[in-house]
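For reference, the structures are reproduced in the following blocks.
One chain, chain A, appears in both complexes that follow, with chain B as partner in the first and chain C in the second.
Right after this comes the complex of A and B.
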């Protein structure tokens, strides 16, 4: 009886989860197995999408030049963006922990999280613009020559990745800041009594005890990078020459530009599989 | 008694309100792509339409890239963002035709009233989906007369003179690059590249590509024009690095660049339109243009008024719009040169005798449009990628049109 009552309370949430998450996910998987003509062809769409230069450009990859395909671009994004934002967030959280006005500085850094991705994309576009961008003013000051960094295939993706660091660092900063507050002061005091220096305390106490937070930061950052759309769309629309095309933008392209919802579903399924493959083991390890 | 009196009082108060509501003006949502200075030029037309039709127009800005995302999802829900929308992109029109999302306007528009071919370009199986508004020809390279006079430059009459002009401008102090390159979503680069296709491949090439009937060798010709004309010019530094097109416009106007390939709409955006003149690549026989098409949303709550508005804008609206500058009419009664500001009269006259060509990316649309615009942004900064660019553009063209004949 009690189980039934509990189940009754959970039922509305379950219904919503089923209607807005499970059912669409199942439909997406089903869609990916059919051709636009309605013919059941479980592998055809997957083979076509994975052999499309837009998704995986082996020639570009082997020569080390952009575009390399949205799958590779997304991977590059994660590999560069994740460590920078996580490390920056951690370092800033530690540095601002006991600083007067630290909360205010954290709020400013966190503003990047509040700004819509599309606005962030526009801001970054202008940051790297040849005449108006602050980046070029620094480059010229250092003796370099100015150019619109997002306009060139070899620098466009990296510009977007570095430009997005300020948008996402606030997330890891806030998590690490709250995580630092949960570490008992006694640990730090004991370490100091034992003669440990600041670096040793950071490496032996702070970092290990923040591991659960790090797992969340890593998983969320990967998911954020995988579903990145608005920021790239506003900054470069995936160009020039698809050099900044990422997976979520690829879904949009296939569905709304090419009009092939089945192929779009394939990329969505791949995106889901990658997200789950990364996040499930990490969240399990957290337990 | 008191309650009844109060009821009567309330009724007396509400009745006039009810009749006022019935007489209220219909409010239509008009979705167009113009913001800033371009929107300001459209404003008088909107107000005149309200007055002429006794309606209220709530206008909002959405560009074709946004329509391509929004409309298919909204159609699925039996709705659309506006009653009348400048959403006549060919790919969308094809989808709308299949799903019955746009209203057939053949009863309110007569092909004889418009520039030949304009209405037909948005006609599928006899159904007219696009009400043509004005068009904006891209006659060639705009230059400042005062700038040319100051540096002793003259518009070229041969290809050799054109290259000589570019070399001369390249040597002028303060000139960043002779030709400004507008960017944004890539369309200014596509317009420029199309001008080279028309100049070297002739109007026929452009027409066949636009209609999706280009033979195999047409693409060899496109490849040759890209490789042997455009790429050497890009490598020689004649074209500037692509910049957001209005920023490029400002730079051209202040003298950082000598010439700028654009459409007539810039005449409404510069301080002194009389100081601007235009020349084509010598020997060019055709002028490309892009017509803005309105469609009527089949899910509109005010279908009759929406159709009436589209028809009014396509006719009387054009007559008013051309007087504001930057637009050229597709509606015959509005093509009288006297209606135009002086700067545009020369363009209207130049259009006479030239072959009227619709823009390639605007006509083919869909994935081809997105690919062409994207790939040209690559070509402009990495001319060595020309083979990849041509391959990607051709593949997209074949996917949309069904392939070479």
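Right after this comes the complex of A and C.
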């Protein structure tokens, strides 16, 4: 009786999560096993999606030409975005420790995390405009020629990735900053007494002690990159010529523009499986 | 050079680097602001050219009263979604978190893990069945649909975050109240909630911002111009023949002003929530 009464505490949460998240997720898996004709053919469906040039464009990939397929674009995004933001955030966190007004600078850098992703996308597009964007002022100064960088397939994806570095370095910066605060001062003082230089302290003390934070930064950055939607939608809508199409955008496009729910479900399941696999180390830690 | 001079030089250098980076980082926002307050004719060669320089609020008023996507309607709708989508999951999640933290329930671990795993599922994983479900429920193109999805998608992290917080509260106070005859709910409402206020503050700030900033749910579930939230309207303001950056910049600034103001005012809660764990 008491157990039953106490169950009512968790019941609303469970009911909502199961009805509007777990159940539809299972339905998506079911949907992915059928062809649009209604025929049960899981292998054929997955094979068709994975061999689709939208998802994986082997010809483009082997020639190093965009579009390479949304799966590859998302992968490239992670490979470039993750190391740069993680390292930059860490270095800035250490650097800003001893800077007057460091808190204020952190807030400025963190602003990209606070604004809507759609606004971020518009601002990045604006940055890379041929005449109106300030990036081209720098490019011309360095001897290059101006162009709208997001409008050409060969530079669009990279432009968006660098824009996302500007927006989301604040995340690792704030996490590493709070982590630095938990390292006892004595560690650094002892190392200095022993004659270690700044670089040795950074590599031998700071980085290893911040490892748990690095796990969170890495996992969260990957999950974000996998879910990335609003930023790309507002900046390029996946264009030009699908050169910035990413997985989350692909699902929306397949389902709600092309009306192919079954293929969209296949990509959605892929995305879900990758996200879940990536999160396992963090979920373990958190429990 | 003396060691002292060397140290001074080092400090100077670090400050120079740090403030240069800060300046670089803020330039895009500065450009956005400059673009929003000047007539389009002055921007054709770049907002950094200051001659001529005329201030105008025309961009703000035309975004506010835009014929297709008036931001006056969008901002109101955003409030109508974000406020309930903050308050409801906060209380539902707090109840759940208390249950998971303090009671022994059948299948508790399995149920809790399932709830937390939802954190990692992307919204795209459920969008197709949810679309069909909302269609059958007659909830398509309604703000109610947005309140529901934003609430449900908030519950996993709020439950996890508050459960972890409640687990750190000493249990003695609750036990004492129980001996005095207080019911489970009284203990929760009178003892646990007041202690958890700082954590609830973090939840409120972060969740409000996420609900306000959401674009994906709004894109799929709403299509009439009077049902659109502000973020959803932004891409519609682009213009047909050319991109009206002045209008877009003014609209962007109005939309981002709400979460930025919240961040500026409640930074402490915000950062604590972010660091104390908020996977999303």
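Following the convention adopted for this analysis, the second predicted complex is superposed on the first by the 262 of 287 C-alpha atoms of A that agree within 3 Å, B and C clash if a C-alpha of one lies under 4 Å from a C-alpha of the other, contacts with A are read in each partner's own complex, and residues count from 1 in each chain.
Keep in mind that, in the parts below, a contact is a pair of C-beta atoms (placed from the backbone, for glycine too) under 8 Å apart; a residue touches a chain by one contact, two chains touch by 3 or more.
Just so it is clear, the structure is predicted and the values come from calculations on it, not from any experiment.
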(request) Give one word, clash or fit, describing how chain B and chain C relate on chain A after superposing. (result) clash
(message) Under the stated touch criterion, which partner chain does A:259 make contact with: chain B (first), chain C (second), both, or neither?
(response) first
(request) Mind working out whether A:160 is in touch with chain B, chain C, both or neither, as first, second, both or neither? (result) neither
(message) With both complexes superposed on chain A, which partner does A:238 reach: first (chain B), second (chain C), both or neither?
(response) first
(message) After superposing on the shared chain, does chain C or chain B touch more chain A residues?
(response) C
(request) Look at A:92 in the shared chain and tell me whether it touches chain B only, chain C only, both, or neither; answer first, second, both or neither. (result) second
(request) Tell me which partner A:251 touches in the superposition: chain B (first), chain C (second), both or neither. (result) second
(request) Return first, second, both or neither, reflecting whether A:130 touches chain B, chain C, both chains, or no partner chain. (result) first
(message) So in the superposed three-chain picture, is A:180 touching just chain B, just chain C, both, or none of them (first/second/both/neither)?
(response) neither
(request) Could you say whether A:147 touches chain B, chain C, both of them, or neither, answering first, second, both or neither? (result) first
(request) Report which listed segment of chain B has C-alpha atoms clashing with chain C; options: 74-82, 308-316 or 326-334. (result) 74-82
(request) Once the two structures are superposed, pull the chain A residues common to the chain B and chain C interfaces. (result) 129, 131-132, 252, 256
(request) Would you tell me which residues of chain A are touching chain C in their complex? (result) 3, 5-7, 9-10, 12-14, 16-25, 27-28, 31, 92, 95-96, 98-102, 104-105, 107-111, 113-119, 122-124, 126-127, 129, 131-132, 134, 137, 166, 171, 174-175, 178, 219-220, 223, 226-227, 229-230, 233-234, 247-248, 251-252, 255-256, 261, 264-265, 267-269, 271-272, 275-276, 278-279, 282-283, 286-287
(request) Name, in rising order, each residue of chain B that touches chain A in their complex. (result) 65, 68-69, 72, 91, 95, 183, 185-186, 241-244, 247, 251, 366-367, 370, 373-375, 377-382, 385, 388-389, 392, 399
(request) Sort out for me which residues of chain C touch chain A in the complex. (result) 11, 14-15, 17-19, 21-22, 25-29, 31-32, 35, 43-48, 92-93, 95-96, 98-100, 103, 105-106, 111, 113-131, 133, 148-149, 151-153, 155-156, 159-160, 164, 184, 188, 209, 212-213, 215-216, 219-220, 231, 234-235, 245, 248-249, 252, 255-256, 259-260, 263-264, 267, 271, 274-275, 277, 279
(message) Residue numbers of chain A touching chain B in their complex, please.
(response) 53, 129-132, 147-148, 151-153, 237-243, 252-253, 256-259
